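Chains here go by letter, A, B and C, matching the order in which they are written, and residues are numbered from 1 within each.
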Amino acid sequence: MPPLGRALCALLLLACLAAPLVADRYLLSVLILVFYFAYLGQAWNLLMGFAGQLSLGHALYLGLGAYTATALWTLFGIGPWIGVFIAIPVATAAGLAVGWLGWRFAIQGVYFALLTIAFAEFTRIGFDHLTITGASAGLFLSVSTPGADKWWNLGGGPLLYYYIALALAVGATLLVARLRRSPLGYRWLAVREDPEAAQAAGINIIRARMIAMAISAGMTAIGGVFYGFYYRNLFPSQVFDISRSIEIIIAPIIGGLGTIFGPIVGAIILTPLGESLTALIQHFGVNTPGAKSIFYGLVLMVIISLQPSGVWPWLARRLGLNRSRP
Amino acid sequence: MTELLSVSGISKRFRGLTAVSNVSFNVHAGEIFAVIGPNGAGKTTLFSMIAGALAPDEGRITFAGERIEGLRPDQIARRGIGRTFQIVRPFPALSVEDNVVIGALLQTDALDRAHQIAEQTMVQLDLIGKRDQIASSLTLPDRKRLEVARALATGPKLLLLDEVMAGLRPTETDRIVATLRELNAGGVTILLIEHVMRAVTALASRILVLHHGAAIAEGSPEQVLRDPAVIESYLGAESL
Amino acid sequence: MTAITLNIVVQGLLTGLVYGLMALGLSVIFGVMRVVNFAHGEFTVVAMYAAFLLFDAFNLSPLLTLLPIAAAFFVLGYVLQRSLIAPFISRAEHEQFILLVGLATVVVNGLLLIFGPDARPINLPYSFDSYEFGPLFLDKVRVFAALGAFAICLVLFLFFRYTRTGTAIRACADNLTGAGVVGLNVKQLYAVTFGIGFACVGAAGTLMATIADASPGLAQAYTLLGFVIVIIGGLGSMAGALIGGILIGISEALAGFYIQPSMKSMFSFALLILVLVLRPQGLMGRRL
C-alpha cells in the first residue's frame, strides 16, 4: 500500500479510537452502526467479491449467531465471550450445508441466491415456532439478570460496544487483506473469474467456495452475537428477515465489490446518511416508516446503474491510491 | 519409449449423437503428438475427456500408469496434465502475472516461489514485458500465450493444447511453434489439436486423424498425410 | 378423501390459479429476457392496493377494474423495461438482480409509507357467499378470481400461439441472435414482453385483492412464492407456471390446515430447496 494510503488509514484509525472523547451518545451509536455494517460487509464481500457467489440469505448466519449466543445466556447463563465460540460453528455448519447443496448440485448465479433466501426464510419461520427461544414473541436480554451489567457479559454502556465494533471492523479488514494476498485469495479470484479455467489450473472449486462460505458465515455469526447483545432483543421476523440480508450487502456493493476497502467506504457513506435521514424526518414530527429503506433502495439502484464497481475504486483513482490490483 | 498417456477404447455419446467412437492411441513421453481432423470430428470432446471436463461413456485413459478417466479437471491437473482452451479463457480482470501465478500455485503454496515460477514462465513465453497488463486488454496472440503460460506454470508433464494456433498470423504461428519446440526439448510432452497444418508438420512426430468421432489414421506425418482416406476426408488436394 | 380435505384441495386449486397467473408473468419475463424480476411480488401488491383504492373510492368491483389495471400495468412494465431494465440485459447477472432488489425495496417501503402496515381488505357484497356443489362449499370470490385468472391465461396462450407479436416473442426466447437476424425488433419486443409480464401481475394482484387483504408484508412472500412456482413448474414454461401455481396453492392449503397456518410457507421454501437441488429445470422447463 502506498505511503499516502498508509497515512490515511493510520489517521482514520486514530480518529476512531479518540472519537468517544468528543462524540455524544448519538454520534457514538451511529459510529457503532458504521463499524457493524463495515464488519458484516467485509464478511459478505469475502463470499461475493472474492469467491463470486451471490448470497442474499446472510441473515441466516446473523440470526443463528444471535440466537445461539443469547439463548446460551438466557437459558444457561453462559456469557457471550464463550457463547460466540458456539455460535460460530453453528452458523458455519449452516453455511456449509447451504454451500454444499448449492455447489455440489451446480446451482449457479441467481438460483444460488434464491437457495440462500429460501434457507433464511425457512429458518425464520422455524424460529417463529421455536418456543424455547420465545418463538415469534421474541427473546429478551433482561438487564436485571445477575451479572448482566458485567463487561464480560457485554453489559454496560455504549463505550464497550463501540470499541468491540471498531475492533471487529479493523480485524475483519486486516483478515480480508491478508487472505486476499494469500494463495487462497488467488484461488478465490480464479474461481470467481472463470471456474472452468480455475479447475484446469488445478483448483478444487467446491473446496475454495466452501472455505469462503465457512469464513463468511462464521464472521457473520460474530456480528449476530454483537447484534443480539447490543439490541438486547431478538425477533425471528427481524433478525432472519430478508431486509437484514439486504442491509448487509448494500455497503459492500456501494463501496466496491471485491475490494478491501469497499465495505468500509460503503458503510461510512451510507450509515450516517441513512441515520441523518431518519433523524431529519423525525425532527419534523412526521412518522415515516420505511423512509430509510427507500433511501437505501434508491442508492442501490443508482450506484448499480452508474458506477457498478462501486465508490471506492473511483475514489482511489481520484486520490491516486491506485495500483494494478484494487 | 514409455507410454505417458494411454487412451483405450474411448467413446462419448450426446443423446444419440456419437461424438467420439472407440478411439485408442498412446502418447510417448517426450514426444509431440497431434490430433487432426475436420470440424465436428470429436477432437475437442476427446480432449475434454482426457482433461476431465467430460466423463467418457466407455473406455480407459491411463496417465503415468494411473487410471484417470472420470476424474475431476482439477484432480487431473494436479496429476500433471495442463490444458488450454479452444476459445481462450484467461482470468479477465486479473493481470498477466496474477494469471500465471495462479497456475504456479499448483506447484507450491509459497507465494514467493509461485512468483518466481511465474516469472520464469513469463520469460519463456515472452510475456514478461506485459506482466502488469490486465488480461482482458491483451491481443489474441498474447492471450493465447498467456493460456499456455498459465498451463505451463502448473508444471505439467503433459500439455494439452487445443487449437492454440487458430486465428494467428503465420509469423505469430512460427513464434509459438518455436516456443513449443523449446518446451518440448525441456521435457514437456505435448498433445495438440490443430488445423494449421504448417504447425502440425513443424512440430508433430506422430499424428492421429479423427473423422466423425473415429480414428481413421495414425502414424508419422509422412504416413498419415499421404493416406488416401485422410486426404479424402480432410486434407483435400492442397494438403501441404 | 374426506369432505374437508376435498374442500381444502379445491380452495387451494382456485387460489393456485391466481398464483399461477402471477407466476406466469415472472415466467414470461424470464423465459424471454432472462431477467429475474425480484420485484414481482412487490408489484403484485401494488396492484392489490390499486384495486383496493378503486373499490374504496368509487365502489368499483375488482372484476370491473381488472382489465383497466392490467392495461395500466402493461404500460408500466413497458416503460420500466425501456427506461430502467434494458441497459442491464447485457450486464453481469448479479448487477441486474441487485437493481431489481433495490427496486423491490423502494416499492415495498413506498407502500409502507403511503398505506401503513395494516391490511386493507376489499369487502364485496358477496365476499362471504359460497356456491354449493354436493360436499363442496366454494367461496364465490375465489371462484370468480380463479375463472378470471384462467381466462387471462387462456388469452395469453392464444396470443403467444397465434398472433404475430406473440410468435415473434417466442422466437426471441428461443434464439435471440436468429431473431435479430430475421429482422425482429428485439428491443421493442422485450419491452412488450415485460409489459405482458406486468399485465399478468396487475391482473393477478387485482384478483388476489378479492381473496386476500392488501398489505406490504405480502410483497416479499409473493415474490418468493412466484419463484417457487416457476422453478417447480419450470422457468419459461407457461403451462408449468399454471400447474406449479395449482400445486403450490393446493399444498399450501393442505399444509396450512393440517400442520399449522403460519408454517405453510415453510413448506413452500423446503419445496423450493428440493427442486433447486434435484430438478432445477422444474417439471416442464427446458434444461438450463
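Here is the rule we go by: contacts are C-beta pairs under 8 Å (C-beta built on N, C-alpha and C of every residue); 3 or more make two chains touch, one makes a residue touch a chain.
The structure displayed is predicted, hence computed values, not measured ones.
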| item | value |
| --- | --- |
| Least hop count linking chain B to chain C through chains in contact | 2 |
| Chain pair, A-B or A-C, that carries the greater number of C-beta contacts | A-C |
| Label of the chain whose CA centroid is most distant from the centroid of chain B | C |
| Chain whose averaged C-alpha position falls nearest the assembly-wide average | A |
| Interchain centroid distance [CA atoms averaged], chain B/chain C, Å | 50 |
| Length of the line joining the C-alpha centres of chain A and chain B, rounded to whole Å | 44 |
| Inter-centroid spacing, chain C versus chain A (mean Cα positions, whole Å) | 32 |
| Residues of chain A touching chain C in the complex | 48, 54, 56, 101, 105, 107, 109-111, 113-115, 117-119, 121-122, 125-126, 128-129, 136, 242-243, 246, 249, 253, 288-291, 293-294, 296-301, 304-305, 308 |
| Of chain C, residues touching chain A in the complex | 36, 84, 87-88, 91-95, 97-99, 101-106, 108-110, 112-113, 116-117, 220, 224, 227, 231, 260, 262-263, 265-266, 269-270, 272-273, 276-278, 280 |
| In the complex, chain A residues that touch chain B | 181-183, 186-187, 189-190, 193-194, 196-205, 324-325 |
| Touching residues (chain side chain B, partner chain A) in the complex | 51-53, 72-75, 77-78, 82-83, 85, 89-95, 98, 101-103, 105-106, 109, 111, 114, 132, 134, 150-151, 154 |
